[in-house]
Structure formats: C-alpha cells, structure tokens
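In the part that follows, the structures are each spelled out as structure tokens.
Each of the two complexes below includes subunit A, the first together with subunit B, the second together with subunit C.
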Partner chain A sequence: MKVINVTDFSEFPGPRYISLGPNSGEAFRKQVLIPNILEHAGEVTVDLDGALGYGSSFLDEAFGGLIRDGVDSKIVLKICDNLKSDDDPSLKIQITQWVKEAISTYNKSSPT
Partner chain B sequence: MTDQADSGLSIGAYVGWTFAFIGLVATLIGWRVRGQQQRFLAQRKDVHDSIDRAVKALTEYEDGAISFWTDKETKLNKNSILTLHKRLTVSLRQIEELTDAPAPYDLLQQLHKAATLDFEIARRPISSSSERIARIAGTSGKLLNSSYLMKSWKKK
Partner chain C sequence: MKKRSSYKAKHEMRAALKRAARRNRSKGRSGVIDVNPIYLRPFNGELKARKVHADAKIQVPAKLDLYSKQNFDVLCKFISNLREMAKYNERIILCFRHTHRITAAAALRMLAEVEHLQTSYGNLSFGCSIPPKRRGKYKNADKVIEAILQQIGFFKLIGQPERAPTKQTDIARWKQLSGILADGSLAGNLLNSLPSSISKQSKAQLYKGAIEAMANSVDHAYPEGDLEHSENRWWMLVGTTSDKITLIVCDLGVGIPVTLPQKHPDSLLKSIFKICGILGNGDADLIHASTFIKRSRTNQTHRGKGGADIRSITEHFPSALLSIRSNRGCYVVAGAEREGDMPDGYRQIPDTDGREWSASYNGSIRGTLIEWTVSLKELEK
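Moving on to the complex of A and B:
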C-alpha cells in the first residue's frame, strides 16, 4: 500500500483549480493522486495530517475530481476508507461526501 | 480470681481492638471515597475547562467566518479561517480525549464546508441573509447546543 503524504505535495494546500493559484486540488489530483493510483493499482493511502488546513474546494477537486476524471468509483471509495486524518477526522467525512456526490452526479449524467 | 481478671481483660482488649479495627476500616473507606470524589471533581473540571475553550473557539470561528464573508473591510483572510477551524478541531479533540465520547465531526465538517467552500474565488462581501451565512450560523448553533458542549456533574 503506497502512502501519500499531502505535506510532501505542500504544507499549504491551495485553491480548487491550477489556474487559481499554487498547490491546488486539481494539481494534487493530476500530479500526485492519479499517477500513484495507476502505478499502485489503486492501493494508496492518503495522509492528510500536518498541513496548515484545507479549503473545502481543494478536497472536492482532489477527491471528487477522481470520479469526474473517470477513476473507478470502487477504487475512490476505498481511498476514502483508507484516508488518514487524525488531526481532523471531519475531513474524512467531508471527502467521502464529496466523492459520493460526484458518483451520484456522474451516474445521473451518464447515458443508460 | 486472676483467671477471671485475665479473662475480663482479654474480652475488654478484644472489644477495644475490634472497635479500633472497625474505625481503621471506616477511615480507610472514607479516604477512598473522598479520593474518588476528588478525582471525579478534578476530571469534571478538566472537561468543563475544555468545553469552555471549545465554546470560545466555536464562537470565534463563527464570528470570524461571518466577518470574512459579510464585512467589506474584514481583516480576516483564508488562512485566518483555516486557523480558526483548526483551533476548534483541537478543542473538540481535547474533550474527546478526556471523555472518550466521539466529537460531532459531521457538524464540524458542515461548518468547515459552509465557511471555506470556494473562498478563493467567491464574490465577497455577501448578504448577511444569504444561504451560506445561514448555514454557518445554523451549524454553529447546532454545535453549541449539542450535548457534547453541555456541562454536567452527573456521573456517566
């Protein structure tokens, strides 16, 4: 199981999109999460501890964005289960909600 | 005659030692109960002090988030809001450590979402009657009134 420390990406997680500033949720997803998911067949643990704090948009874009990018929902939900967030356990609840909302939106919009 | 006196003395001594022993046991039990009560009171005081700190952190978070979103010339920025969130989280976790009761993390994440969602790009100031402000105030109120932040002297 590959452990990804968000603090290795940045101690100061930024905005939602790359275009809005450094250390964005989009950059974390594209540069860190997706390459590691592909390399380790989805067997990744994300450690959120140690950062200054997260904006809600960073969390949605980084994790909910995985669904919008076409990553298998089972893999993303497993990543949610494996999240490490001892500093702030509420982040795990919020990220799981963002992912479930993204799955729900994706299912509604995909052709039947 | 001497035997009778010895026997009387023995009974007297026996009764005396019995009372002394009972007194000693009662004293020890008294000390133990008093010790338990003092420990309970000290633990409760620690919990109540932590609740005071959490209530202060919550009201500062609520006031800060509302100021950030509604004041035209607020001194608060994104990092201030994240710091206020962190202070509240630490306070709630402190209570959790002392009581073993799980903190209301679902309410905490609702407050975090209302305070920080798109705070990099959203237009500010917003109306004090907007949905976001209602969510910040409503969720803070729910947290404040939750049993988690209620002081109690009941033994649980």
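Moving on to the complex of A and C:
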C-alpha cells in the first residue's frame, strides 16, 4: 500500500482550483493522487496529518474530483476508508460524505 | 522708498505661494503652477517665482472605524471622496491630524483603498500628515496613530520613511499582508506568528476560514473584464490582544449583494429567503442568505462549501463572533456562548436566539470585509 503524505505536497493546502492559488486541491489530485492511483492500482493511503489546516474546497476537489474525473467509485471509497486523519478525525467523515455526494451526482448526470 | 528686509521678503513670498496653492487646490486636477502676481502684495525687491506642487488634501475621519453605524457611514463617505479625488489629482495628502481612533478593520479598509488607487492610477502618489504628540485624552500622547499606520505598513506603501516599531503590545501584534492568489503559505505564516499557546486544532480552524475567504475574493469578488477591478487582490490582518484574536480578510470587489443575484437563480434565492425567514432584499439580507448557499454560479453542486467554513468558526468556538460587511450591509453571527453585545443601529434577526443580527447602512464600503473574533482562552484549548 502506497502512503501519500499531504505534507510532502504542502504544509499549507490551498484553494480548490489551480487558477486560484498554489497547492490547490486540483493540483494535488492531478499531480499526486491520480498518478499514484494508476501506479499502485488504487492501493493508496492518504495521510492528512501535519498540514496547518484544510479548506473544504481543497478536500472536495481533491477527493470528490476523483469521481468527476472518472476514477472508479469503489477505488475512491476505498481511499476514503484508508484515510489517516488523527489530527482531525472529522475530516475523514466529511470527505467520505462529499465523495458519496459526488458519486450520486455523477451517476445522475452520466448517460445510462 | 524704504527697502524691506530679506527676511520679510521671504516671508511675503512664502505667504504668496501658500495663497496661490490654496486657491488652485479647489480647481480639480493639481500640478505644477506658477505664482500669479495677483497673489503677491506690492513689493519692490527682486522676487523669483518658484514652482509649487498643489497637493490635494483630505481629512481622515476623527474615528476611523466601522463598528458603529455612524462611523461606518463617515468611513464610506471618506472612501468615496478619496476615490473622487484620485481621478483629478496626482498627489493626495491624507491628514490624520484630527484622527484619534483607528480600529483594525477600518485601518485595513483604508490601506486597501490606498493600494487600490495607487495601482489604478499609475501617477498617483500619497503623502500624510500625522497628529502631533500632545498630552491628554485623544491628544495622541503615545503616538498611537503613527504606531498603527507603521504596523499596517501604511508608510511603506506610500513610500514614506518607516517609523521605529511600536512598544505598545496590542498594536505591535497586528500583522498585515495582501496577495492576488489564495496562497495558503501566506495565511499559514501569519497564523504561525500567533502566540504558541494556541492549539494546533484552533489554528486549523482559523486557517480553514482564512483560506476560503481568500479564495472567495480571488474567485468571485472581481468579475472578469471589469476595468475598475483589474486585480483580484485581498488584504488580511491578524490582531492579538491580551484576551482575543481578530482575523480580517478584505477585498474591494463588487460585493456579495451584487454577485449573489448574478450567480444564483432567483428560485434558489427565494427558497433560501423562505427557509431562513428573510423578509427583505437589502444588502444585509443578501449577505445573510449567502452564508447558506451551497451551490455556485456555475450550478456545480460540489462547489459552495467555502461559505460553510467561514461560518463554522462560530460553531467551533462558542465565544466567536463573525461579521460580514459587504457594500451597504452587515450580517453578524455570534457563537453559542457569546454574550449579547449588539451595537446600536443593528437589528436582531428573529428565531436565532439573539445570536444573529444585521444592519443596513446609507454608505457603501465598496467591497467585502469578513472578520472573526475569538477569545484567546478558547483558542488555547
């Protein structure tokens, strides 16, 4: 299982989109999460501890964005299960909820 | 004819130049002027008329403050006048001579305005006159005004020599910065400069609100193609006193009351108004509604989570107070244990247990200011 420390990406996670500022959720997803998911066949643990804090937009874009990018929902839910967030355990619950919302929205909008 | 002394001649000349400068000051655009002979009293000696710059001068309000309704309107008028003067003058002197009180939010708003005008008008420069040191109440015995201006970086911004750092601890703990991107490292370094007694969890909560407020400024406040708002800049100030911490994020965008109806369908706004029991559609009502928006202008349901982060500080810290001022309105939310200290001129919002209130102003702050105040004790938990 590959362990990704968010602090290796940045101690100061930024806004939602790359256009809004550095260390964004979009950049984390595209530059770190997706390449590691592809390389390790989804066997990934994300360690959220150590960063100064997270805006909801960063987390939603990083993890919910995986669903909107077409990553298999089972893989994303597994990543949510494996999340490590001892500093703030509520983050894991929130991220899982947003991922489920993204799955529900994605399923509604995608052609059957 | 008796010759005048050179001292008297110089005095006459100086007086004439002053009269000329005064006369020209009210004629709009200033610049280099020649002394017209009509301003000179009869004088037989040799005179060399020198050129003077007629600087436009604006009086800064005695109380540079936006917490009371009356002071808010005075500040708005000052900002409006300053913008008008910037159109016609190349140099403006801000006169702080009668200013005896500057609050953090108003100081940040003034600083933002000066920087915005400097960016918008390339030839515009600013100067200032500070109050003299005098004894007594409101007499600036401790050079408080100068210390505040130094601490917020005002002198550096207008290119004046910086003053020695203040020894007044409350002011010395003010930290200010600005940027054009939602750069977490800027906010992070500012928060890391806070007292080490503040817990990591508390810093994470403050960071969460700050990064979302910065991102909102960059993303929503400044519409594309708007020449007046060509730069998506935000300003932030953190102040620490012996018992509380104040964090303020400011932008000079079009304001929440303008962006909200543009970015959201009428039906969504109407349903929020109904659920929250909002009766009017003034600026304060629209700011109130904005804190419940979960959907962005693009109708992407995943967006709009930042508003919740901004509000969540009052849920996490029972002593916290959140104030959102935008254009002509203000909306305030207090934490569950915050003692009621509603200022004059504010209206309590029904069915909120006295925890939320709002105010409508005559003047517009021309932008948005989000301010959190949290007790230090609670942040140390």
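Rule of thumb we're sticking to: the second predicted complex is superposed on the first by the 112 of 112 C-alpha atoms of A that agree within 3 Å, B and C clash if a C-alpha of one lies under 4 Å from a C-alpha of the other, contacts with A are read in each partner's own complex, and residues count from 1 in each chain.
Note that a contact is a pair of C-beta atoms (placed from the backbone, for glycine too) under 8 Å apart; a residue touches a chain by one contact, two chains touch by 3 or more.
Bear in mind that the values here come from a model prediction, so they are computed numbers and not experimental data.
K.L.:
Once the two structures are overlaid on subunit A, check if subunit B and subunit C clash or fit side by side.
P.N.:
clash
K.L.:
Of the two partner chains, subunit B (first) and subunit C (second), which one does A:Pro22 touch, if any: first, second, both, or neither?
P.N.:
second
K.L.:
May I ask you to decide whether A:Arg68 touches subunit B, subunit C, both, or neither, giving the answer as first, second, both or neither?
P.N.:
Touch partner of A:Arg68: subunit C, not subunit B.
K.L.:
Regarding the shared-chain residue A:Asp88, is it in contact with subunit B (first), subunit C (second), both, or neither?
P.N.:
both
K.L.:
Pick one for A:Ala102: touches subunit B only (first), subunit C only (second), both, or neither.
P.N.:
So A:Ala102 only meets subunit C here.
K.L.:
Scan A:Ser57 for contacts with subunit B and subunit C and give back first, second, both or neither.
P.N.:
In the superposition, A:Ser57 touches subunit B and subunit C alike.
K.L.:
Of the partners subunit B and subunit C, which touch A:Thr45 in the superposed model: first, second, both, neither?
P.N.:
A:Thr45 contacts neither subunit B nor subunit C.
K.L.:
Identify which of subunit B and subunit C touches the larger number of residues of subunit A.
P.N.:
It is C that touches the greater number of subunit A residues.
K.L.:
Which partner does A:Glu11 contact after superposing on A: first (subunit B), second (subunit C), both, neither?
P.N.:
Second partner only.
K.L.:
Out of 23-31, 131-139, 311-319 or 347-355, where does subunit C collide with subunit B after the chain A superposition?
P.N.:
311-319
K.L.:
Which parts of subunit A are in contact with subunit B and also with subunit C?
P.N.:
14-16, 20-21, 52-57, 60, 87-88.
K.L.:
In the complex, go through subunit A and note every residue touching subunit C.
P.N.:
Within the complex, subunit A contacts subunit C at residues 10-17, 20-23, 52-58, 60-61, 64, 68, 87-88, 98, 101-102, 105.
K.L.:
What part of subunit B is in contact with subunit A in the complex they form?
P.N.:
78-79, 82-83, 85-86, 89, 103, 105-106, 108-109, 112-113, 116-121
K.L.:
Which subunit A residues qualify as touching subunit B in the complex?
P.N.:
14-16, 20-21, 52-57, 60, 87-91, 93-94, 97
K.L.:
List the residues on subunit C that touch subunit A in their complex, please.
P.N.:
Subunit C residues touching subunit A: 181-185, 187-188, 191-192, 200-201, 203-208, 211-212, 214-215, 218-219, 301-303, 305-306, 308-309.
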